[in-house]
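What follows is chain A paired twice: with chain B in the first complex and chain C in the second.
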Partner chain A sequence: MAKSETPLLDELEKGKWPSFVTEIKKAAEKSPMANDLLHQLELSYKDRIGHWKHGGIVGVKGYGSGVIGRYSDRPDLFPNVQAFHTIRVNHPSGWFYKTDALRSLCDIWDKHGSGLTNMHGSTGDAILLGTTTDHLQTCFDDLSEAGFDLGGSGSALRTPSCCVGPGRCEWACVDSLDLCHHLTMNFQDEIHRPMFPYKFKIKISACPNDCVASIARADFSVIGTWKGDIRIDPAEVEAYASSDLNIQREVCDLCPTRCMEWDGRQLKIFNEDCTRCMHCINLMPKALRPGEEQGATILVGGKAPIVEGALLSWVLVPFMKLEPPYEEIKDLILRIQDWWSENGRSRERLGELIKRLGMRTFLRALDLPATPQMVKAPRTNPYVFFWPEDIQQEVK
Partner chain B sequence: MSEDLKERVVAAFREKSKGDKKMFYIRDVTKWFPGEDRHAVQNAVKALIEEDALKYWSSGSTTYIVLAEFFTEG
Partner chain C sequence: MTTDIGPPDYKTMIPPVVQRNYGKWLFHEILKPGVLMHVGESGEALYTVRAGSPRLLSTETIRAICEIADTYCDGYLRFTSRHNIEFLVSDKDKLEPLLEELARRSYPVGGTGHSISNIVHTQGWVHCHTPATDASGPVKALMDEIHEYFVTMTLPAHVRIALACCLNMCGAVHCSDIAILGIHRTVPKPDNSRVPNLCEIPTTVASCPTGAIRGDMKNKTVTINNEKCMYCGNCYTVCPAMPIADPDNDGISIWVGGKVSNARSTPKFSKLAIPYLPNNPPRWPEVVDAVKNIIEVYAAGARKHERVGEWIERIGWERFFSLTGIPFTDKHIDDYEMATETFRSSMQFKWR
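Then we have the complex of A and B:
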């Protein structure tokens, strides 16, 4: 048996999981680019160092983002990946494609690039991996003709993304798909022409299950929620009780605020103590449904641990009705971005800026009232700071 | 769009690019003009990029602005 040229990568094909190495090998049979990629990756594993240089070219005519420049630092060994740029394609809201659209995307990429894709990247975009500089504009032209646009990269608004929302989910409290589409169309300039201190991400989940993890991954998180009581169908509660579900142990005892009571016949919910964790609704979907008055909680400041540590988003607006044309939320986003652009240091995310200057400064700039829901960690700070004019008012 | 502001932006880039540093954050650029509205400076930069006098340079996560003659692809 012939000795493998990629013994280290072969290890990544073992086990029962799908392997990206297997996929690159398949592509390498017809693509010299994919073949060189495979061998450069093997060298990276052998040398224990990445062999990519990044940075430089950013896009196509009129765009400052959407293309990420990548170059091999060993073009002598791997000439076919001397330039191996990534193209980010703005995905449709909720990642709903018709197969026709996917076929046309793949055909375009076979024509202009390595044929390798990442469906989808962490940003949500369809990631087309590996093309040369001279193919960027023609590839973009073909993508445009097929109805696609580039996504965000660099110090820009990144492609907004959302969960599948009302398209497939009965718990959706807001139309995440429509909102995501509206915001994407509204903020085209901010996506394509980077003018921010750093990246800015908007992610929308239609219910508190937060399937796109917007609370951890977005500077501006929108999470669907409701006001009022959880709707209960007593007949369905009884049906669950007579099934395998142990309502006391699996539902009531695991409620984080213990706001539910089960006497063996009737389920009571003390809605004023509910934190909308969705645990009970997830376990008893036929019996419990979100309340009737629906909208979203707006949170800000989430980010992954680059430059500074990871942050979860804070509540900024506890409840906002979200209906087309979404003027209120668009205005809020603009005001936040403006404050951040004015005060943020280079490469400082919104959450880091709020931590540096303080939530009260942020709220004052946005002219928003402080509310109890904004308290992120209660009873951790014994100091209360007042604005000087507040003290004067108190004295009078 | 003020032609005067665009000329001043290019002049500032030339002055600041005399040293080793050629690439600047947009935040650096707006700070060079403390008396000017930040949006006006940003719009001037965008217009100059459209005219190919300036270029974006991006690492993928962060974007810089550079005079076209100092732009290097890789």
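Then we have the complex of A and C:
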């Protein structure tokens, strides 16, 4: 038997977890590009270093984003991945698919590219991994014929994504699927034609469990919540009490605000102290439900470390009702983008700009009131700025 | 040529049972690992079977998945925010046959409840130009070893694992229970002959978090103050003539204690547990062992519903290091902008 050309990667075909190497090999049976990818990756495993050059600027007519250019640094050895670009395809809200749509995506990709994908990239797009420059336009044309458009990349609005929400979750406080689709359609121009200082991401989770990690992975985070009382079904509480759930220890004692009381028969929630963390509802889904007045909290600024350190989004609007046609939230997004475009430096994320200029400047520009919900605690240092109108002006 | 059509409308992609019960779900149950039942106010039920995926998929495999969805799910499926595949079953009689078919084809079914679901990860050596490690390889090596935790629900709480191959941290690395992060340890080398043509000097200078880069306008290049550089690689992202990758010194750091949900405690960043482990392809044994050790010590010591970060905050970081046997070093002590906030300004600590 001939000696294998990819001994290191072959090791990763063993074991119980589905193997990406097997996937590349399957594609390599049909695609010379996938075959060269396999062999270049083997070289990386041997050298313990990547073999891709800095991407050049490639794309399709009319768009400035959606394609990541990529070139091999060893085209002498692997001519079929000399160019190996990624196409980001905007996924349907919540990553729901009908098989005929997925099949048409596969047919198009087998015709134009390597036959390899990521389902999905961490921003949400379906990622078509590896094609040449001269296929980009024709691939795009076929995609748009089949009803697919590109997602975002570069200094643009990136593809919004959302949790499964009302599609399959009893805790959804906003229609995350509809809002995601609506915003994506509304901001097509901003997605396809980079016009911002840097990237801008929107993610929507329909409750504070935050299943798309919106607070950590978006500049503009929409997280569903409610006002008013958690709905309690006493009969179901009793059913839980007689199951192996220890309501006192597992629910009440872990409530972060200790706003629950359990006397062995009745569960009481002092809702004015509840911070809607979801813990009790997560543990007793049949007995407890979010309150009836539903909407979302808007948080801003989340990002990874580069350049100024990682940030989690923080509260900007404590409560906003979200119903079609979503005018209030669209208006807020536009005003934020205007302020950021005007004041942001090149490659400065929104969170970094707010840090640099201060929340008070940001709030004033947006005409939003300061509220205690925005902070964990008031400042501890006395280096306080006042606006000119706050102080008595000198009498001339 | 048509532009700006946006994604397909999700309303055309959701199964009829979802259309009928949209926004009117009443409760759910986890029937067994990987199998959920959602019941609507109408009394109708939707069954979901969650299967693990390597995320990097060939079109051939996508077609195979479609075939399964056609047979058991009337042609409907979805993907999760952690890249798992979910088969959406409306006919209860088809549930067991689907599970049997998935078992026959060796698809792992799990990732629900107090388990370890899929690892959110990035491109690595498969496609990116700035990685300090691979993504798919370490993920496969680790998921093989911790497979039991995917197909069972025996942990105190969910354990989310994520991997990013460089400090750009595409993905959820900075907020995961356990995070695997590729790092460099050597200073980039500006190629003075290429910098003038390829790079904008002010952008390159501004890209450095620690101000280690100076413009050398006379020679149209830049110089780096080695003492200030912590090898983040961001200058290379904006200036291709500053390569930084180094096979012998690149590797992986391990972070712990992050979370994004609001349940019980507020969302938390992951914090440094192990500053460096070598890149050792194809199976990264040092990384796999280190992560397994953390999971096992956590599983043995945490209380029910306690996430990794909540467990560590209860027992204290000094206990975390003594229980896991991970050495604490000067690298664990923050020396970036807000460092002093992480220092212990109190008399409350344990001896080990």
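Structure notes:
Basically, the second predicted complex is superposed on the first by the 369 of 396 C-alpha atoms of A that agree within 3 Å, B and C clash if a C-alpha of one lies under 4 Å from a C-alpha of the other, contacts with A are read in each partner's own complex, and residues count from 1 in each chain.
FYI, a contact is a pair of C-beta atoms (placed from the backbone, for glycine too) under 8 Å apart; a residue touches a chain by one contact, two chains touch by 3 or more.
If you're wondering where the values come from, they're calculated on a predicted model, not measured in any experiment.
In the superposition on chain A, A:Ser104 contacts neither chain B nor chain C.
Once the two structures are overlaid, the count of chain A residues touched is higher for C than for its counterpart among chain B and chain C. In the superposition on chain A, contact of A:Ser221 is made with neither chain B nor chain C. Contacts of A:Ala310 after superposition: chain C is touched, whereas chain B is not reached. Of the two partner chains placed around the shared chain by superposition, chain C is the only one that A:Arg168 touches, whereas chain B remains out of contact. In the superposition on chain A, A:His91 contacts chain C only, with no contact to chain B. Look at A:Thr117: by the touch rule set out above, it reaches chain C but stays clear of chain B. Of the two partner chains placed around the shared chain by superposition, chain B and chain C are both touched by A:Ser346. Of the two partner chains, chain B is the only one touched by A:Pro194; chain C is not. Of the two partner chains, chain B is the only one that A:Gly64 touches; chain C does not reach it. Where the contact sets of chain A with chain B and with chain C meet, they give residues 53-55, 62, 68, 86, 306, 345-347. On chain B, the positions that touch chain A within their shared complex are 25-28, 38, 42, 45-46, 49-50, 55-63, 72-74.
Taken together, the chain C residues at the contact with chain A in this complex read 1-10, 12-14, 18, 22-23, 25-28, 38, 46, 48, 52-63, 65-66, 69-70, 75-81, 83, 85, 88, 106-108, 120, 122, 124-131, 134, 136-137, 140-141, 143-144, 147, 150, 167-175, 203, 206-209, 232, 234, 237-238, 240, 245-248, 250, 260-265, 267, 269, 279, 281-283, 304-305, 336-338. Considering their complex, residues 53-59, 62, 64-65, 68-69, 71, 83, 86, 133, 153-156, 193-199, 306, 341-342, 344-347 of chain A touch chain B. On the side of chain A, the complex with chain C involves touching residues 8-9, 11-12, 14-21, 23-24, 26-27, 34, 37, 41, 44-45, 47-55, 61-63, 68, 70, 84, 86, 90-103, 105-106, 109-110, 115-120, 122, 129-130, 141, 144-145, 147-149, 161, 163-164, 166-170, 172, 175, 177, 181, 184-185, 188-189, 192, 208-217, 250, 254-256, 275-279, 282-283, 285-286, 304-310, 312, 345-347.
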